[in-house]
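The two complexes that follow have chain A in common; it is paired with chain B in the first and with chain C in the second.
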Partner chain A sequence: MTKKKKPNVFKKIGKGFKNFYDRFVRGSIYTKISYLIMGFGNLARGQIWKGMIFLVCQVGFVLLMVLCPEINSTPFGYKAFANLITLGDNPGDINTAADNSMLMLLFGVLMIGITFLYLALYVSNTKSSYHNDMLLKEGKKVSNFKEDLHDLTDSKFHLTMMIPAMVGILIFTLLPTIFMILIAFTNYDSLHTGQNLVDWVGFSNFAQIFNGSASEIGTMFFPVLGWTFVWAFIATFSNYFLGIFLGILINKRGIKAKVLWRTIFILTIALPQFITLLAVRKILGNLGPVNTLLVKLGILASPVEFLDQAANEFTARGMVLLINLWIGIPYTMLQTSGILMNIPKDLYEAATVDGATRRQTFWKITFPYILFVTTPYLISSFVGNITSFNIIYLLTGGGPTNPGFKAGETDLLVTWLYKLTIDENEYNMGAVISIMTFIITASITLIFYSRSKAFKQEDAFQ
Partner chain B sequence: MKKIAQLLSLALVLMLAFSLTACGKKSLTIWVGTESQEFYQQMVDDYVENYNATHDENFPSEIVVKGVDSGAAAAQFLDDTEAGPDIFTIPHDNLGKLTAGSSSIAAITNQALIAQMEADNPQTFLDVSKSTVDGTTYYFAVPYVSQSLVLYYNSSVLTAEDVQTWEGISAKAIAYSSTVGHEVKAATILGTDGYNNSFLLLSEYYNSSNELTTSVQLYENGVASACYATGDDTIAAMKWGRRYFQLTSGGIDQAGSSGWEEELKDEYSLCLIGGAWNYNAALAALGSNLGIAVLPEFTITNADAYGTIAAGTVYQSGTFTDCKCFVMKKGSDYQAYLEDILIYLSSVSVQEQSFETCANLPAYKNAADEFAAMSADTLAAKLASCEIEMFNYGIAQPFGYVQKYNTWFYSKGAPDLIYAMLKNTDNAYPDDASILSCLQTCETIWKTGAQN
Partner chain C sequence: MIKHDNVISLNKRSKSYKTQQRISNALAYIVLILLSVIWLYPILWIVLNAFRVEYNDSGNLIGIVVSNYWPTGFGFENFKILFTETYFPTWFLNTLFVSTFSCIISTIFTLCVAYVMSKIKFSWRRTYLRFAMILGLFPGFMSMIAVYYILKSMHLTQSLFALILVNSAGAGLGFYIAKGFFDVIPDSLIESARLDGATNAQVFFKIILPLSKPIIIYTALLSFTGPWMDFIFARVILGVENKELLTVAVGLYDMLYGNRVDSNNFTVFCAGCTCVAVPIVTLFLSMQKYYIEGVTAGSVK
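Take a look at the complex of A and B:
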């Protein structure tokens, strides 16, 4: 089998520039003019609507760039590019507002996005005109607006469907992500909210991670990261293996009322998680039923704290891991049940004929099959546990507290990040932790998934 | 084709509707605490009615009063100042972050409002209503509600005499433990933050002239470095506190994970150190057994004596006092009208109605003498009188003259360190030297925002 050669990105970009140049050289005079006046190539060929759309976009973009309209005293246009560099220089006074650095950052990013969109439209305009040239050269007729619209519901229907989604991703995912990444390179913290100018600080926020005891992030990053990994590892694998065990147990021949058992476990999924967790928190409270029972049975002399006020971090961490089993096992159990029902019976029959024991059948057929199918789930579950917010925040709030620091003993990166941003307004540090969390989760996903059998042998069990 | 045309028309109509909404002039908006929203809406409706009756032109906008968590209002406002309300309420110690830089809120310039504030408010509230921007000091906030810590207690177990001293409460709690068969705390504190540990940190002792005094300084005269909490009297008070925080029966501690309401209701604790905002929950927990008193005194023993503070020295528990203030957005479209509205909303008559309707303790300095409702034989009136008496033993919590530094919100864990010291967590604070060291660290945090 020959390996498919992956296209080189730089070559593709180079080819794009070459095509852009070739279209200008080989195109008609109309195409050449459309390099200056967008839509000219279409207007000249009677494509009035299409040409007007291109032209209006160009005029709109030029007006936006030149007139620099303002929202809340912060300009768009070319000034937004300049402001993106300075993030404002007017500190304001008692009567007038300072420059809004965050709005300047946002508008700067928006303008970059708008400019890229405009450039894409500009290239599309040259392509469209050149396409018309080619059609006329071949003696064909250029399409009219009605036909273009019809194409959008027919041969180019994928575009009609994709464009709203792409716009949504651009506005609601890409733009906030870029904005957040850029904040990590600023000093936007509790001292720089309101009427305070924000500045670029380069990589100094990232450097704080390795700066030891000089800051909270320097002191706490690696301990919190360490616990995050321990949590993710134990939470993922304990749920996984116990879920499989439960799934196999319920699906075992001879077990009665299988549906009832499944329903009981699925109830924990059906109930909103935060209600379940708050109920558990209440149950484990110092005056809750668990403590009362243990005291009455004489197991405890007096009530003990299990969660945020636990005497040590090991009790609190152990408890959140234990409670997480209740939340997580039913998911694996459900998946395993589905998988077990779909394992081809002939595999087991063949194994029986070959004289395989039950244990051999499990380790050679059942488990590999489950593992193969659930590897992507296992990876996403691990990543999900790294960013698991509800369980920790609702059960312990990150506590027991760590005197002198916002990060408590059970805080994960994501709950710590929440406290830093929402409680402390340390937006820049929150952004740094977000980026680090993304790098960790993305690396784990890429490395483990690309090495898994589920990825390498996609068709193996079909 | 027809469907596409319909979809396009719909999109166009929606865009038009959004544009019209965005272009519409905003109403004048006021944020107040959720509990007072209805009351203040009624007040501003009266104000507008009166304005329209006495002016040639009607008031230029409707006024919308929105109920918010007043503790979070400042942070919410700073997230997007442009979209924020024209007037909003804050606890006074949020003022520092609002006036940082060139200030996000407007300075008060109306002389009538300033005159009213200076005539009606105690000096301590006036002091924390000011801030300095570009080298000039302005009033930025208008106090209208005040609060302090008081003692809520279970009157079926404790008498009014018992609650005069912590020792009396503790002895009753220890005795009651054997009656009910489980450990009973003398008192519960609401949390480990600076506000809740202020009953110890700000406690004052009777000197040889029988006057209450303390060496504690927190941002004295607005100077960030003027913080001092390592005097002999403070260390002796902390040593006393440490003994009580480590007692299982008859001690003082924060609420367990089941919450202070459960502890009071099930008699695992006999008292709560809390504020007016805990009144309803305390009433729900104890019902007719709810008693309210000023925070008790305590006496230094040989085990607590330190330096110049001898055994037998009597302390009065202290408190941070707190006032809620109205502030104005800088650059509001209705700037010209805001100060006049504030003159009305912070007036004595509105404060009196606010007390009667919402049980808000007025910031007005003569309220106890002049407001009839305060001398009524009700728990709400008792709460008010206790809070007012506690003002004698407290200071208004300083908001930190450097925006970041504050004994409460921005303290980078100083209250946690004090709590760890009181609990002697991991036996990390075994002796006087370690207590002194802990308090020195807290001083550094208050002054610089960092532990070292």
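Take a look at the complex of A and C:
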């Protein structure tokens, strides 16, 4: 797919440059001036508002670039580009504060983003002026402000709808993501704060992961990754099959009060996990009612720690997988219930005509149908389990821990990176683990979805 | 389907078949009852602990986890402590504030993007779909950590506004289920309105929105309950230093694990959980229908 697309992208870019040049050559004098002074082509034709917006943006951008206003004594403008390369070189002394490397990195990225937006606006300014040329050539009138506004509710309605949401995404999803990726290539950790300035270190953080016993990250990464996969695999399939089983059970013919049963199991979805999981953690505790009950029944000789204080990793890992069923089964149960109601009836009609028994119709129709329809769900829940944070963090906090290591026996990549970042301030390694997690989840998703039929259809019909 | 049963019953439903049915139903009931007990056991325990009023030998209220499941005394002591000696009322209002605004912003963003992606054709539509898919593969968790870096470097943590923005600003990426809903609405409906001279905005507000009650409720329900359930975003963004600026989840967790010396407030924690759970569960269960519709639609797609 990508191989076919690539030439198109380059062609498009090339075409864009060519059009940009053609507009300058063919455009009127107003358009030519617009290439220097933004909005001129609009102002000259009486589109005061539109022209002013372009002009104000240009003036604002130039001022920002030249004057380099400072926030927390870190500059924007052209200095931000320089700072992005050095990440600060003034370690500070008694009179001056040290450079704030993280803010420099952030402002650098921001300035690149702002520059791109400015360029986009600049190009659209030339387009707008050229468009006016064409209209006048054809003897039509240029649109006034009122008509422009009306367009935003009609032919350009998509812009009105998309822009607010996209601004949110740019600032709170795209910018942080780029920022985080860049941090993975720096030495920003617990030692590099204040006067110890942060610097670029290339791929050496990534090398640590593959470099075996050179550091804690190196020794721990693959064991944690391994457990993350074991966890995701078992959690996904156990929830999946037991959830289907429960769904079929509730929807079985002859079972009464289906809504009541469903509601009981939905409770774990409706209740916040910090409530349910913390309660489970306490109920399984040394002094909790479960231990007391098991001792009374004679199953256990004395109270046992099941979770973060467990004697060995297998107890703790087994318990989190078991408790995960309690959280996960209801989701699959709901899916199954929905699907069971939507199985095409003609399938059954054909089967009954052929004299199939109920058992046969179940194993030959119902069950395969459920499996077929829920494959995408299976993939997304596998990916979801790789990054499932709440269950591990609230149940065990990653424990039981081995002395000297920051990753516990039940820590997944996400809980580990949380600890590294928030508790240990090892920001760069946290970012590296984030990127590794992204690469894993993204490749799983892309491989499976690009093969699944639903995705292909979706792509085709667009 | 009942019809086919009759067809089968003519030749197949002998007496032994009926007994077999009865036994399998009985087994199903036994399994369901057992599972229900397992599902309800911890939940009931929280409620019982919230109302547990037991005193130790020196006459102090016992607040720790105790081994007897059923309390020996009931009362409202824990709630009294919760509302007079902790910041719980403030946390509750904070969470209500955050969830209300997150809900409004998320719902608007999600519906707008979903509708445009589903029904309006424009030049960079496919580009946006690609962009959203790739960006959506970065778990929200990671951009949250980055937002934390950013807020920290700007000395801006501990703000409820930041939490609202973090909760809702990315909503334009999670449009798939709502898009699925709009995809099913026939294009002819829109086309005929356009022929009658309606603008795109009028089509959306006057024709589409009135039809979209299920998906509006689904989106609003999830984004409203989100901040009540969310533990980790709130903990990272709000921190734990300023106790008056927490949400219920962070505050209650902190009550249990924040101060390791004094853990004599488990029953108060349970009282807090009950106060949070009752409205949320009631809301959730009363909107169950819409939730299930949305979830099932999402999986089948």
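The rule is simple: the second predicted complex is superposed on the first by the 434 of 462 C-alpha atoms of A that agree within 3 Å, B and C clash if a C-alpha of one lies under 4 Å from a C-alpha of the other, contacts with A are read in each partner's own complex, and residues count from 1 in each chain.
The working rule: contacts are C-beta pairs under 8 Å (C-beta built on N, C-alpha and C of every residue); 3 or more make two chains touch, one makes a residue touch a chain.
Please read all numbers here as calculations on a predicted model, not as lab measurements.
Look at A:Q360: by the touch rule set out above, it reaches neither chain B nor chain C. Within the superposed three-chain model, A:G288 lies in touch with chain B and with chain C [touch as defined at top].
The wider contact with chain A, measured as residues touched, comes from C rather than the other of chain B and chain C.
When the shared chain is aligned, chain B comes close enough to touch A:T401, but chain C does not. Residue contacts after overlaying the shared chain place A:P91 against chain B, while chain C stays out of touching range. In the superposition on chain A, A:G194 makes contact with chain B only, not with chain C. In the superposed model, A:S124 lies in contact with neither chain B nor chain C. When the shared chain is aligned, chain B and chain C each come close enough to touch A:T153. Touch criterion met: A:Q309 reaches chain B, while chain C stays clear of it. Legend: residue contacts after superposition of the two complexes on their common chain; A:N72 is shown touching both chain B and chain C. Judged by the document's definition of touching, chain A residues 72, 100, 150, 153, 282, 285, 287-288 lie at the interface with chain B and also at the interface with chain C.
The residues of chain A lying in touch with chain C in their complex are 71-72, 100, 102-103, 106, 150, 153-155, 157-158, 160-162, 164-166, 168-169, 171-177, 179-180, 183, 246, 249-250, 252, 254-255, 261, 263-276, 278-280, 282-283, 285, 287-289, 291-293, 326, 331, 334-335, 337-339, 342, 345, 348-349, 352, 357-358, 373-374, 376-377, 387, 389-390, 393-394, 414, 417-418, 421-422, 427, 430-431, 434, 437-438, 441-442, 445-446, 454, 462. By the touch criterion given at the top, residues 72, 91-98, 100, 146, 149-150, 152-153, 190-191, 193-197, 216, 281-282, 284-288, 295, 302-303, 305-309, 401-406, 425 of chain A touch chain B in their complex. Only residues 1, 4, 75, 78-79, 81-82, 97-98, 100-104, 107, 133-134, 136, 138, 182-183, 192, 248, 254, 256-259, 262-263, 266, 268, 330-331, 403-404, 410, 412-413, 416-417, 419-420, 425, 451 of chain B touch chain A when the two sit together in their complex. Residues of chain C that touch chain A in their complex: 1, 4, 7-8, 12, 21, 24-25, 28-29, 31-32, 35-36, 38-43, 45-46, 64-69, 105, 108-109, 112-113, 115-116, 120, 122, 125-126, 128-129, 134-135, 137-139, 141-150, 152-155, 165-166, 168-173, 199-202, 204, 225, 228-229, 231-232, 236, 249, 252-253, 256, 266, 269-270, 273, 276-277, 280-281, 284-285, 288, 292-293, 295-296, 299-301.
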